[in-house]
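You will see two complexes here that share subunit A, one where it goes with subunit B and one where it goes with subunit C.
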Partner chain A sequence: MRALAFAWRSLVRQPARATLGILGVAAVGALLFDMLLLSQGLVRSMRDLLERQDFDVRVTATEALPGTGPVIDDAVAVVATIKALPSVREAVAFRIEDLSIDRAGRRRVRGFLQGVGRGAVQPWTLLRGGNPQGPRELVLDEDGAREAGVAVGSSITIRASCSAERDALPPVTFRVSGIAAFPFDGPDDVTAATTDDGLATACGEREAGMADMILVTAAGDPAAAAADIAAARPDLRAFTNEQMIGRIEQGGFTYFRQISTVLTTVTVSFALLLITVLLTVSVNQRLGEIAALRALGFSRARVVADVFSESVLIVGIGGALSLPLGFALAEGLDRILKRMPGIPEPLHFFVFQPEALAVHATLLVVTAVAAALYPMRIVARLPIAATLRDEVIS
Partner chain B sequence: MGVFWAAVVVAAQGQQPPDILVSRQLAEAEGLGVGDVVDLATSAAGANARPFRIAGIYEPTPDPMQLGQVPREVRMHLPDLLSLTRGPDTPAGTEHVDSINIALTDPRDADAFARDLASRMPGVSARSTSNPSFDGNPFVVLERFHLAIAIVTIVAATVFLLALTIMLVDERRETVGVLRLIGLPVHRILGQIFFEGVLIAGVGALFGLVLALGSERLINEFFQWRYNTALIFVRITPEVAATCVAIAVPLGAVATVAASWALLRRGALRLARR
Partner chain C sequence: MIVQATNVSRVFPMPAGPVTAVHDLTLTIAQGEHTAIRGPSGCGKSTLLHMLGCVDAPTSGTLLFDGQDIAALSDRERSLLRLNHIGFVFQRFFLLPMLTAAENVELPQSEAGVERETRRRRSRELLDYVGLGPRADHRPSQLSGGEMQRVAIARALANRPRLLLADEPTGELDEATGQQIAALLDRVNADGTALVIVTHDHALAERATRVLTMKDGRIERETRR
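Presenting the complex of A and B:
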């Protein structure tokens, strides 16, 4: 009988302990799998989100992330300069301000108002209606339309709260030209977007002049476009999506990677310790049986292989079970973390990557081997005659 | 608003420039010290820069919301900041500020005050600084996340604990059988096993707490170094320690008793292999 089949019978003979061991590995394995998904999940999800848009380069006034640093002044001229570059296909100014929507007899709805320069590409997906064409038109997300009770063609009265204007601004009425989905919209956020002139009107400005960032679509290589923009406007900073991810990674995103590293280490150590104890106790209880097998002609390598196979079976079955468990757990944990404010709806903390699966499998294999080392040593050094004698006397 | 600082002037000359405080991180990064005079400007080009004297280096109040962003900050008196940032068309006294900190006579009135202000001054919003437990608070969310992880860990540990106790109890099958044969009732043996479980779980919980206290400093030092912050990431409070013991000890004792119960239901002769 092969070592694996023999180990299987050993496990089946003691179903309670085998089941509990496997379930323990499954639970620990699920946590380990989730930590691996978390380590790169947010960054990968953010990369997907950025790449799903048609913009390759983002231009800001300083190294600060968009919306957290100074604005770009004279945005119209900046956009014109960037658009003139041969490596650039499209450039639009983007500015975001706070918004509240008046509702008759009800509490105001709060959200964000984007002002986007005219261009072939817009940073939203139109669901119904059309894009805003004039300074008194806007597109609104589904949540906003529902909360405000408006549809395409309706009028909506909004009040902007602009960073450049500290006085309370008068309400402005817009026509809803369309309903759109915004990629960076949070689950409870209300977002509206209008033209750059429309936002200037809402902010009580004479004309559109400033932008939080310029969104650029490269004609070819984004890195070349970013370099050209940096050369044309050395006072500004141009970042490709990859560089933007790097900047985000340097910020709070690393927290989850660090947490995942710490928890991965703790989880693997925990699994290693417990499987070692489980196997060691199990082997110690069967010393007489193993000595008898050796006396019957089982080689040392064979009994060692039996113990190793037992470890492989416990970790293997537990590891296989840990994957569906891990996916289910990741779903729940993702839902918890997505309650954080400002997290866009399509962004996920736990994202499946084939690399995570490979690392998970490798860590479990290493755990199975390492956990079996000590019990294998006990079995390999077992004195046959003395053990049998002790067994008979006891 | 960004304030840009330019070349360091080592010695002040003439009239004493206004005092500023510089964050430790900025001082370390740029090699600034108390008594140095620096030029500050509101544009990266350094136009209209004005000299300021560093009166002190301060440790910024740790802000978890700015984790990962090294605080390169300068603090100055508000009139100095307004004077530095005021546009040529803005008459003195008409500048704006980002926020106003308000101390209420009764802090419990914070929500009512915020509502009152919002109705009287549309566009101005007031938020209580002592109400962090709302649903979307990032730290409440993180707390829930860590709690969920802790629950999964406890489940995994319980399963392993049960497997181990089943094996350990099985190892003492003959002893238990003999105890039964010499007349000890089941509840007496179960009581002994229970107290043994409490003892082992208690020692294990204490060991776990010692391990946690030891790693607390390591984890804090690592993350404080990594993020260049004075934030405390892990804190083992008496409440946390009590919760751990309150979960671990009963769990260990119950696992031991549950594992033993199946064994004790068997006949004494069968247990003693007679």
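Presenting the complex of A and C:
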């Protein structure tokens, strides 16, 4: 009987202990798996979100993330300069302001109004109707259309709250040219978008020349386009999607990685202790049997292999169970975390990556080995004669 | 000669000072011999048995097994020696509870690399030999004490050892069952296996052709029949 088969019989012999160990590893493994998904999940999801749009480079006034730093004041000139670069195919100015939509006899709906320069590419996906063409047209998301009770072709009265205008602005009526999906919309967010002229209609002329960022589509290599933009306008900052992800990571997502690292360490340590204790107790209960096997001619390596195989079985079965458990747990946790305000609908905190599975498996293998070290040492150093004598005396 | 012990001593270091369990003892075990070792508790019987079985090494002196100096062997070589040439029967049987009687008997053969069919056949033969053929598929928890010791004897014989060592083999059994085990051990010896039994059981010791009486780590008396 080989070590693995022998270990399996040892586990089956004590079903309660084996079940406890396997379930413990499954629970800990699920948590570990989720922490690994979390450590990179948000970054992956954000990268996916950025890459899903047709913009390769984002230009801002400073190092600050878009919407958190100063605006680009001469947006029209900047867009013209960038568009003239051979490495750039398209550039549009992007501005975002607060919005409220009037509803007859009902409370106003609050949301966001995007002002986007005209171009071949827009930062939304048109679902129905068309893109806004004039200063009195906008596209609206599904939530906004439902809340306002409008459809394509309907009129809608909005009030913008614009940073460049301190006075309360009058309501302006727009025609809904289309219904669109906005990738950075939260689950209950209402977002409308219009042209830069439309934003000027809602906010006043002073707003028209300002942009939170310039969205750029590269003609080829995004890094080359970013370099060209930086050379043309050294006062501005141009970031490729990859660089933007790096900034976002530095800006806040790093907390998730830190939390994930701490919890991963805790869970692995817990698994290690759990298996070590279970195996040590099991080995100590069987010292007489192990000494007898040694006396019968079983080699030291063989009895050590038996203990190691037990650890491998507990961790292997528990680890396999931990995956479906981890996926289910990740689903639930993701739903909870996404309830936080301002989280875009397509963004996920827990994202499956094959590397996470590989790290998960590696950590469990290391745990199985490390957890077996102490009980293996007990078995390896077991004095046969003294143990047999002690067993008789006890 | 299977075993030749010359001036062997075994000293255990203890907090209160070293304790000499076996003191300057010279002994030989010949092929097919039936030896009983008796004496009061703590006189060094089991320690001597463990040294004869190569599970413990003498602190001084020379112990040869088949002419090989045990002290010169590695742990792995000693394990192989035990596996192929020495059988052990313990007072507490030490059968593995998760295995059937047949699987317990198969275990040392499996470790010795015996092919599956051969070891299954050998296990059945041995269980028939000890009178437990019909209980081959029973687990130790389904067997009586005497039956467990029979399985343990079958297991000890699995790799056809030249020397069978038994440490108080009837210690956990009632008198009648002990007699059955004694008769079985006699048969094992009669079939050619050298037998060394450590026992307090006077009746069991009297069945041996050679009785060594130990006291304070020394052989006080040797009786041959």
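Criterion: the second predicted complex is superposed on the first by the 392 of 394 C-alpha atoms of A that agree within 3 Å, B and C clash if a C-alpha of one lies under 4 Å from a C-alpha of the other, contacts with A are read in each partner's own complex, and residues count from 1 in each chain.
Heads up, the rule we're going with is that a contact is a pair of C-beta atoms (placed from the backbone, for glycine too) under 8 Å apart; a residue touches a chain by one contact, two chains touch by 3 or more.
Since the model is a prediction, treat every value here as computed from it, not as a measurement.
For A:297, using the defined touch cut-off, is the partner it touches subunit B, subunit C, both, or neither? Pick first, second, both or neither.
Only subunit C; A:297 stays clear of subunit B.
Just to be sure I read the superposition right, which of the two partners does A:159 touch: subunit B = first, subunit C = second, or both, or neither?
A:159 sits against subunit B, while subunit C stays out of touch.
For A:69 in the superposed arrangement: first (subunit B), second (subunit C), both or neither?
Only subunit B; A:69 stays clear of subunit C.
Where does A:288 make contact in the superposed view: on subunit B (first), on subunit C (second), on both, or on neither?
A:288 contacts subunit C only, not subunit B.
Check the residue A:377 against both partner chains and state whether it touches subunit B (first), subunit C (second), both, or neither.
After superposing on A, A:377 lies clear of both subunit B and subunit C.
Who wins on subunit A residues touched, subunit B or subunit C?
B
Determine where on subunit A the residues touched by subunit B overlap those touched by subunit C, and list them.
none
If we count contacts the way the header does, which residues on subunit A are in touch with subunit B in the complex?
16-17, 20-21, 23-24, 27-28, 30-31, 61-62, 64, 69-70, 100, 159, 161, 166-169, 188, 235, 250-255, 258, 262-263, 267, 270, 274, 277-278, 281-282, 284-285, 329, 332-333, 336-337, 339-341
Which bits of subunit C are touching subunit A when the two form their complex?
It comes out as residues 46-47, 50, 53, 55-56, 75-76, 79-84, 86-88, 90-92, 94, 96-99, 103, 106-108, 110-112, 155-156, 159, 167-168, 171.
Using the touch definition up top, name the residues of subunit B that touch subunit A in the complex.
Of all residues in subunit B, those touching subunit A are 1-2, 44-45, 67-69, 96, 121-124, 135-138, 141-142, 144-145, 148-149, 152-153, 155-157, 159-160, 162-164, 166-168, 170-171, 219, 223, 226.
What part of subunit A is in contact with subunit C in the complex they form?
1-2, 9-10, 12-13, 288-289, 291-302, 384-385, 388-389, 391-392
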